[in-house]
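Labels for the chains are A, B, C and D, by order of writing; each one numbers its residues from 1.
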Amino acid sequence: MGLSRRDFIKACAAAAAFAAAGVTTARPEWAEAAEDGITWGKAPCRYCGVGCSVLVGVKGGRIVSTKGDPAGPVNKGLNCIKGYFLSKALYGKDRLTTPLIRKGNRMVEASWDEALDLIAAQYKKAIAEHGPDSVALYGSGQWTIQEGYVASKLMKGGIGTNNLEPNARLCMASAVVAFMNTFGSDEPMGCYDDLDLGDTYVLWGANMAEAHPVLFSRLIDNKLKHPKVKLIDIATRRTRTTKMADEFIAIKPHGDLAALNAIIHVILRDKLYDEAFVAKHVSFKRGKENAPYGLKDKEAFNETPADVKNLTFEEYKALMKPYTPQWAQKVSGIPAAKIEELARVYGDKSRKVNSLWTMGVNQHSRGVWVNNLIYNLHLLTGKICKPGENPLSLTGQPSACGTAREVGTFAHRLPADMVVMNEAHRKKAAGIWGIPAEKIPAKVGLHTVEMFRAIDRGELKCVWIQCTNPFQSLPNLNRVRKAAQSRKAFIVVSDIYPTRSTELADVVLPSASWVEKEGVFGNTERRTQQWFKMVNAPGKAREDVWQLIEFAKRMGHGALFPYPEKGMHRAIFEEYRKFTLGTGKDLAPYGVYAKVRGLRWPVKANGTETRWRYTEADDEHVAKGEGIKFYKAPNNKVSVWFRPYEPPAEVPDRNYPFWFCTGRLLEHWHTGTMTGRVPELRRAVSQATVELHPEDAKRLGIRNRDQVRITSRRGSIVLTAEIGGRGTPERGSVFTTFFDEKKLVNEICIDAFDPLSKEPDFKKCAVKVQKA
Amino acid sequence: MTSRWWLPRRAVQTGTILLLASPAAGFTFFSGNLASAELAGVRLSDPLACLQAVIGSGVLVPSFLFGALLVTAFYFVLGGRSFCAWVCPVGFLTELAEKFSRRTRRGGRRLPLATGRYVLFVVLATVAATGVPLFEVLSPIGIMGRAVAFASLVPLLVPAAILLVEIFAAPRVWCRSLCPLGAFYALIARFSPLKVGFHRERCTGCGDCVAACPVPEVLDPLWQSDACRVRAGACTRCLACLDSCPERALSVGFRFKKEPLSLTDEGRPIEKSAP
Amino acid sequence: MPISGIVVSCRPEEAGGIAEKIAGNRGVEVHGVLADGKIVAVVEADSIDAEVALVNGLQQMEGVISVQLAYHNFEDAAPEGAHPAGL
Amino acid sequence: MTKERDDSGISRRRFLKEGALAPFALALAAAGGGTVYLRPGEAHGFVLRPPGAIVARRFLAACVRCGKCAQACPYHSIRLQDRGVGIGTPYIAARHTPCYLCPDLPCVKACPSGALDQKTTEVEKVRMGTAQIVDREGCLSIRGLRCEVCYRQCPLIDQAITLEPRHNPRTGEHTIMEPVVHREKCVGCGVCENACVLPKPVIVVRETVEVQRDSYDF
């Protein structure tokens, strides 16, 4: 049963009465209801970017139960199987409970003071000898907004380096760059309501059924209710999503770049575009081409305004001429007729078309371009900023949006769409932070791949990793692991369990997780969700914010964080909120989030949320009568980019004849640090397998559950074959998951990345496949 | 002591147990147990198990039957119940138990030998009537084999129960009087060419052989008549009598043709040692 | 619909009995009885007047030393399930 | 010479040993045997047998309990019963380790007696049993959660188990994706029972019920 408003008020009344009676523990701040001695509080789920709301049941200082929150607008009381076992993720037997310091090959227990003093000494030494750019902080899209904000302020405003990155570089960076260069503001215009309201959904390389389970359930319900609803799955692998789609269109890896251009070609050729919309809202641009793949260290590539050429619509049309469906058929494997058909789907004025994508598009050596091309489809046909008709980039982490993107914990970002390269932005940030503007360096820091390469080169002396597991999740893993093993840098890892990263650390710090601390997450649809601390972290474990501030004090930057001990999280959020006000990314006061199941920004003056941005129908920043206004874009005009086809970084050849792709599955999350501790999820799926096409398997003499060796130019690994299971890659491709800490599949992956977003391509490299 | 047959016999008994354990240790030349096995690619089956399976289920696999015939032929040639003395782990166990019980006390009641064949009849009748392979269900041989191969330990209560009975109530009652497999081999042993021979002229009547024999009844005819070899099917060819005889009055060998009886009746008939 | 949180003070040894009596009133939920003789309860009534009457009634009960109002909510109850952000 | 036993004078010690110890030993022996044969065990009701097992009653006779099938199983899925009439016969405790359906069926090949039918050559045609959802109210997928672990782990996914989506009236905007077992395809390998995330699996392998056919085809 859900909490009604009346129950809520009653709970508040009781809480106040307890407080008046001098009892504060019986009714903690976060409690909303109690039954059977279990006190329930609300929190967003700890795992993916969908942002389901859960109720957390606490008894005797321990989480005894979690359940889907019926009042949660995203999930209405439902969860996926990971969420069902959420509480168990915190109670694995091997939780880290005390700081550890490396002594040779042993990790020795230490006090917080010893550990933090050591870290501060190492950072100070590196900064003194090599300057502030010789140190770095590598964070996470699972950081709370407060953690990300403190990290950004410390690194950019205190230490004076932009060497701050989130692991979101590995998942959302391409989407971010495309949002910025198309709309001038990060994050989607639409929201999950589009899943209920549209009638056509084109999935570009996204296995929503497994990676966004509750959202997929919502999408399918729309299909069940409305016979007109059509789900088209364009992918390199047949998945559980394919099974429920109306149509599957097989595409060659990297073929999206060709297919999208050809669809646009047909839309232009057959005049399927919305002339008025294009005239009013769109400007055409051509960027820098013949881009590299980032395979060489320090390869610099930037698309500065000077590199961008403005085009007329006619020029643009002329440029698109060669991208015929016949040409695209060869490159993408999609039949020309099917491409024509897709163009007519997008061009059909009676259809509300939505594009959905995630890592297939983002983890792509031309990821920004593919994002741009998807937006082109929607901008040319005017199918955008309307209920049930939007492109929606799905995220993978609970706060990739809230923390990494909105707070801006990237090497080039500042909060609320600002960037370090822009002097005005630096000034604004410095103003809020109360520091001189010159304190914030204008030089972009090291992006993720380059950051870990810099360790290998010996240029980066200190790295602190929080809330993520790069030594399992980075591409070309052998190089970065070897660099760490040879102790080329001083590495600190804060986590809740031993991981493949803590094993390489010089100092391991035990962190508090999820409801062991207070925090705020921001999900895919711009929903900001808050929760209170409900239980204590085990042993000496402390939250990442506390770790960073204690470190800051030792570094002499304590004055940057003058927050009261009680109400610290509120104070940090309120300070961060100043960045958002009036920018179209406006957040509500902290107290509001404490009460509701999240609000989608921009939050209006009257405290209500915005479902669709840039439209007068819902967005306060657009005046009545203006219709749609892209107020964040220069001259209110969004960009349609000409993005040509360029080949992938590595293509299968005679020695390495197969495509290799990695991805996710429903039962486990990311590198399995949390889900791997849940016995039920381990029971469900215990190890990573490699999926093969049945014909490829037969040709190689590989049968189901045989051991198979996968070898690329970078590494080799043995996995159990899975043929005809939950997923079947197309002929000539193999697929595996990266959750299994015993199988470092990323040793196979190439560290090629998108030249604009610097996001690595985990979806494509060449391998050979042998029976082991 | 004149011969040391116990040495190879213990070796074979121990070897059998090692063989049963070998698959668990990762070796592949042997699999299965004494009911059915594959040794170096040859399929072998216990003839009584085969008989029960075929009668009970009506399923007949030629290779299975062939394996059973092979085993039958083998034991026919080598004396039938030689299985009991040389191979069977239960025989090994009860033998050791008897040694132990002899050290602590003597006596107990030996039950008659002939009951085994009735048990065999009951087993076959049961499987024919109900389809329950009674002996495969109860068999301590199977239980011990599986205990060795699969560490299936709870069923060891059954051989343990047999030991209890044998130590405290009726020595060697299982092998002597109850085991239908022993009774089955006893049936074919009667015609087996491998027999223990008796050289009456050397016998001093000391009785050591009787004391050593697990089935001393089989020796009775040697004193009561002018027999010159042990003909009874119950003889397990354990050859303990040979080892025990200081005069070398007993021997073992293949006797194919009907040997003329020794006419020099020097030996004195010995009366039954036990009821 | 007014909803209030109240703290009823009485002698510790009588608290249990009084809590039971209080709970007998329509619209009163007892949430806890503390060791020092304080009873934490939530009072709900149809109107402000009815609520004042109810609280006064409690005040008059034998053994009750005082009734303290800790929280008062008199906004109109929002429809079930609605949330303040106006979804 | 003849060694006559003196049975006339039973000593007190012998009396104790034979008169008191023997019945005690016999009782203990009976208790041991009873523990093995009278304990309630898997022999009662349905037992999940290895692939190709012939019908239950005849299987019990045909199986010579040699354990070769268990030794042949690469996953140690096959165990031997340790009690009751079925003592020594092979079974699969699917919750512990299910049958992973080796394409070459080494267990069937190992069976000497035909208890596992030698004619079994295709894993898809094996019928060890049939999976059933025994607690629909407990099943997380039927409650609307995105679980469906049994479905995704099923080696005959989309054949033996399919997902049947239907509207979830409780939330009004989500789908219940109900796993449905198709008995004409289910081989009874128990992978679903093994994978079920609930403490007591709600999908378990039960005895195969013969599909009753008639001419009614809708």
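Basically, contacts are C-beta pairs under 8 Å (C-beta built on N, C-alpha and C of every residue); 3 or more make two chains touch, one makes a residue touch a chain.
These numbers were taken from a predicted model, which means no experiment stands behind them.
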(message) Out of every possible chain pairing, which has the most C-beta contacts?
(response) B-D
(request) Report, in whole Å, the distance between the mean C-alpha point of chain C and the mean C-alpha point of chain D. (result) 59
(message) I'd like to verify one number: the distance from the centre of chain A to the centre of chain B, where each centre is the average of its C-alpha atoms, in whole angstrom.
(response) 75
(request) Averaged over CA atoms, how far is the centre of chain A from the centre of chain C? Could you give it in whole Å? (result) 47
(message) Just the number, please: Cα centre separation of chain B and chain C in whole Å.
(response) 89
(request) Based on the touch definition given at the start, go ahead and assign the chain network to line, ring, star, complete or other. (result) line
(request) Any two chains that touch count here, so list every such pair. (result) A-C, A-D, B-D
(request) Over in the complex, which chain B residues touch chain D? Could you list them? (result) 23, 31-33, 35-38, 43, 45-46, 49-50, 52-53, 55-61, 63-64, 67, 105, 107-108, 127, 131-133, 136-138, 142-143, 145-146, 149-150, 152-155, 157-158, 160-162, 164-165, 167-169, 205, 207, 270-271, 273-274
(message) Which stretch or stretches of chain D touch chain A in the complex?
(response) 100-103, 140, 144-149, 152-153, 155, 157-158, 163, 165-168, 170-175, 177, 194-195, 197-198
(request) Enumerate the contact residues on chain A facing chain D in the complex. (result) 68, 75-81, 84-85, 196, 213-214, 216-218, 220-222, 224-225, 240, 243-244, 666-667, 680-681, 683-685, 703-705, 724-726
(message) Give the list of chain C residues in touch with chain A in this complex.
(response) 1, 3-7, 29, 31-32, 34, 36, 38, 40-42, 44, 68, 70-73, 77-87
(request) Can you check the complex and tell me which residues of chain A touch chain C? (result) 2, 4-6, 9-10, 12-23, 26, 71, 73, 592, 595-597, 599, 607-609
